[in-house]
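Next up, some structures in structure tokens.
Below are two complexes that have subunit A in common, paired first with subunit B and then with subunit C.
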Partner chain A sequence: MGAKDIKPTRSELIELKKKIKLSQSGHKLLKMKRDGLILEFFDILSKAKDVRSELDKAYEVANKKIGIANAVDGIITVKSTAFALQDIPQIELESRNIMGVVVPKIESSSVRKSIEERGYGILGTSSYTDEAADAYEILVENIIVAAEIETTMKKLLDDIEKTKRRVNALEFKVIPEMQESMNFITLRLEEMERENTFRLKKIKG
Partner chain B sequence: MRLLQRLKGGMGSQTQGHSNYAYTTARVRAMKGKLLSKETYPRLMNMQISEITRFIQEVEYKEDVDQLARSYEDVDLIEHALNRNLAVTFNKLLNISEGELNFLISEYLKKYDIWNIKTILRGKHCDASTDDILESIVAAGRLTYTFTSELAAKPTYEDVIAALSASECYSILKDYNGTNLSDIENRLDKNYYYDLFQAIGDPKTKDRKLFTKFIQTDIDLKNLVTLFRLKRYGITDPLMADLLIEGGLKLHFKEMERMLSLSFEDFLVQLENTPYWEEISDCCGPKMESLIHVETRLKKLRLKSAESFSHVYPLSIVPIMDYILSKENEVSNLRMIVRGKEVGLSDEEIRDQLVI
Partner chain C sequence: MELAVVGRSEFVTGFRLAGIKKIFEVNNHVELEPTVKKVLEDRDIGILVLHGDDLSKLPEMLRNTINESVEPTVVTLGGSGQSSNLREKIKQSVGVDLWK
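For the complex of A and B:
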């Protein structure tokens, strides 16, 4: 809003002062939110690093175990044991609020299974297949945790970016412009005051 | 001669006739001499997959690699060549043996028929392609490769079972409804041993006694692995005793049933009283994370006991069983090296899985 578009009236000045006050308190709140989100983000970042490294490790282990199981029991056996599973893990998606940012909360059930719940023939398979199944169950659990943490991190980052843009806009554009307009109106009103005084003196004289 | 014997066999007199032990065991000794030595495996581990293919092409697998090289490449070529060689080798054993010896070998090799039927059903269960199924087929039993291939090419499991309506395992297969594969697999595996004992009958001859002992040891080790697997997952349900096979040599069924209700720690304490403990004691503990070492040790024990038995009874079925186990082990080791290299396992990890 350019200062020249402003009507230099007292009511406009009062309105502008109100707006500046509101913007300043909004700016303060947004700054606090941004700092809070950044703190929260760093907290989650360290967790995400751990989860990611665990996920990589679990993936590596699972890959090796399935390789060994394929070699010992045969690819078809391993593939069919995977298809034998009847009870698919249930994923429940909830949400929680971190400073106004809605992030997912993922709960999973029955990922880990006992040998008799997996649905494959025990006599026709070996412990190589069991260990491959164990490794993949751990991997799925890690994926679920990583999905929750990494989505939270992504959402927090998006919101930090958005909040930072708002804070900067208020700090460097909106509030200075309003202050400039307020100064313009104040100056204009003072000028009008002086003109009035001068006019009155001239009439008296 | 073989044809005549098969025809006779078809008339239910497989067990009759003169067994040619001297000839068969001499041939088998020569065949065993051609198996890869234990010094070969470290060399193989330093080779690339193409070099391994080249290597096995220069030894006993030449014909198999030559035959299959047009259709397959890399790991698939080796896998098919190994399976083909296993089938050809075991068929050769059936061809050179006669009389009761032939009957006992063919009864033992029925495990490959069971394996192939299970593989085909598993393949149908997971919608695998015919080629994928054929990759795991080892036509070393009574079912020929052509018949097994036809089974693998059937569109549904119902067609597969219908085609097997004349087989001995049809009574079990007919209960398969598309969802109870694990139950059917377990029943087929148990039934294999039951049929084997039925075929042996009351072991009166020395050969049948030795063969029975061999099978009983096999059952013991299989039961031991099953118990370890169940205990590792904390299963104490007495109903799971259904997975144990009756007829073991040193582990009696009642004893195993009792072991099933124990905790893992108590189970290990009980195992200390068994003759198998000595072999596995150093890789067993209440906090053991993997059973792979136990399983590998038991396989080694199996090979060792078969070999020592074969020296004690050189003119019996034992040297032949020893050869069958050694050949299976060689193929399993080669497959382990190749598949291990394919998925990028380190040499140490591959070495851990080998039974040398």
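For the complex of A and C:
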């Protein structure tokens, strides 16, 4: 809205004043939301870093263990053992609300199982396969935790960006433009007032 | 919901040992793209596990979809894909590289 497109009337001025007040309170609120989101983000960030490094470590360990199992028992044996497993780890996705951002909360049924619960014969396989299964169960648990935290972070970041844009737009574009228009109207009204007085004086004279 | 794993046979075997059933073995990168797309459309899958190298083989568009997808959430292992993605996103949103 350019300053020249508006009608310099008193009602327009009152309207603009109202709008500016509203925008300013909106700006203040959004700024608080942005700061709150960033604080929340810092909390999650340190968690995410820990979870990532743990996940990478767990993957490395699991990879090594399955390598050994493959070497000792043979790839085919390990594979056929893997196919015998029955219990599927189930996950539940719930949602949580952080300052208007809906983030997932992932709950899982227990992934860790004892050897008897796994469902393959203990005699047919070596302890290396058991160890590999153990390591992968730990890895899956870590993956579930990482998935929750990393998604939360992605969503928070998206919202931080959106809020930041809004705050900046209000601060540097919307409010200054309205203030400019308001100044224009005030000046114009004063000018009209002066013109009127002059006209009256002329008629009188 | 369930977990799903997409990758080469040596990558997925271990996950079978952990009890995951939705395993998609992909042995060449031609099959990779349609498989990943299929998994992304499956409403019963909550988390998709991919190898970092496989992720980098996917076309840019699909990678962006994966990075933004929440349901299913995609977790990558190995390679340096995921953390650098998040790092870029943090830089873009906050303005400072906080992932150190």
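Keep in mind that, in the parts below, the second predicted complex is superposed on the first by the 205 of 205 C-alpha atoms of A that agree within 3 Å, B and C clash if a C-alpha of one lies under 4 Å from a C-alpha of the other, contacts with A are read in each partner's own complex, and residues count from 1 in each chain.
By our rule, a residue touches a chain if its C-beta (ideal position, glycine included) is under 8 Å from a C-beta of that chain, and two chains touch if they have at least 3 such contacts.
None of these values were measured; they are calculated from a predicted model.
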Open item on the list: Please determine, from the superposition on subunit A, whether subunit B and subunit C clash or fit.
Closed with: fit
TODO: Based on the superposed arrangement, let me know which partner A:63 touches: subunit B (first), subunit C (second), both, or neither?
DONE: both
TODO: For A:155, select first, second, both or neither according to whether it touches subunit B, subunit C, the two together, or no partner.
DONE: second
Task: For subunit A as apex, the angle formed with subunit B and subunit C - C-alpha centres, to the nearest 10 degrees - done: 30
Open item on the list: Applying the document's definition of touch, where does A:74 land relative to subunit B and subunit C: first, second, both, or neither?
Closed with: first
Open item on the list: Applying the document's definition of touch, where does A:177 land relative to subunit B and subunit C: first, second, both, or neither?
Closed with: neither
Open item on the list: For A:195 in the superposed arrangement: first (subunit B), second (subunit C), both or neither?
Closed with: neither
Open item on the list: On the A-aligned overlay, A:131 touches which partner chain: subunit B = first, subunit C = second, or both, or neither?
Closed with: first
Task: More subunit A residues in contact - subunit B or subunit C - done: C
- [ ] Scan A:83 for contacts with subunit B and subunit C and give back first, second, both or neither.
- [x] both
Open item on the list: With both complexes superposed on chain A, which partner does A:50 reach: first (subunit B), second (subunit C), both or neither?
Closed with: neither
Open item on the list: For A:123 in the superposed arrangement: first (subunit B), second (subunit C), both or neither?
Closed with: first
Task: Smallest distance from any CA atom of subunit C to any CA atom of subunit B, in Å, after fitting - done: 10
Open item on the list: Based on the A-chain superposition described above, do subunit B and subunit C contact any of the same residues on subunit A, and if so which?
Closed with: 63, 66, 70, 75, 79, 81-83, 86
Open item on the list: Per the contact definition, I'd like the list of subunit A residues that touch subunit C in the complex.
Closed with: 38, 41, 45, 48-49, 52, 55-56, 59, 62-63, 66, 70, 75, 78-79, 81-83, 85-93, 104, 106, 111, 113, 118, 129, 132-133, 135-137, 139-140, 143-144, 146-148, 150-151, 153-155, 157-158, 160-161, 164
Open item on the list: If we count contacts the way the header does, which residues on subunit A are in touch with subunit B in the complex?
Closed with: 63-64, 66-68, 70-72, 74-77, 79-84, 86, 114-116, 119-124, 126-128, 130-131
Task: Interfacial residue positions of subunit B with respect to subunit A in the complex - done: 118-119, 122-123, 125-126, 128, 132-133, 135-136, 179, 181-186, 188-190, 222, 225-226, 228-230, 232-235, 237, 240, 243, 245, 290-292, 294-295, 332, 335-336, 338-340, 342-345, 349, 353
Open item on the list: List the residues on subunit C that touch subunit A in their complex, please.
Closed with: 1-3, 10, 13-21, 46-47, 49, 67-68, 70-71, 73, 75, 77-78, 82-83, 86, 89-90, 92-94, 98-99
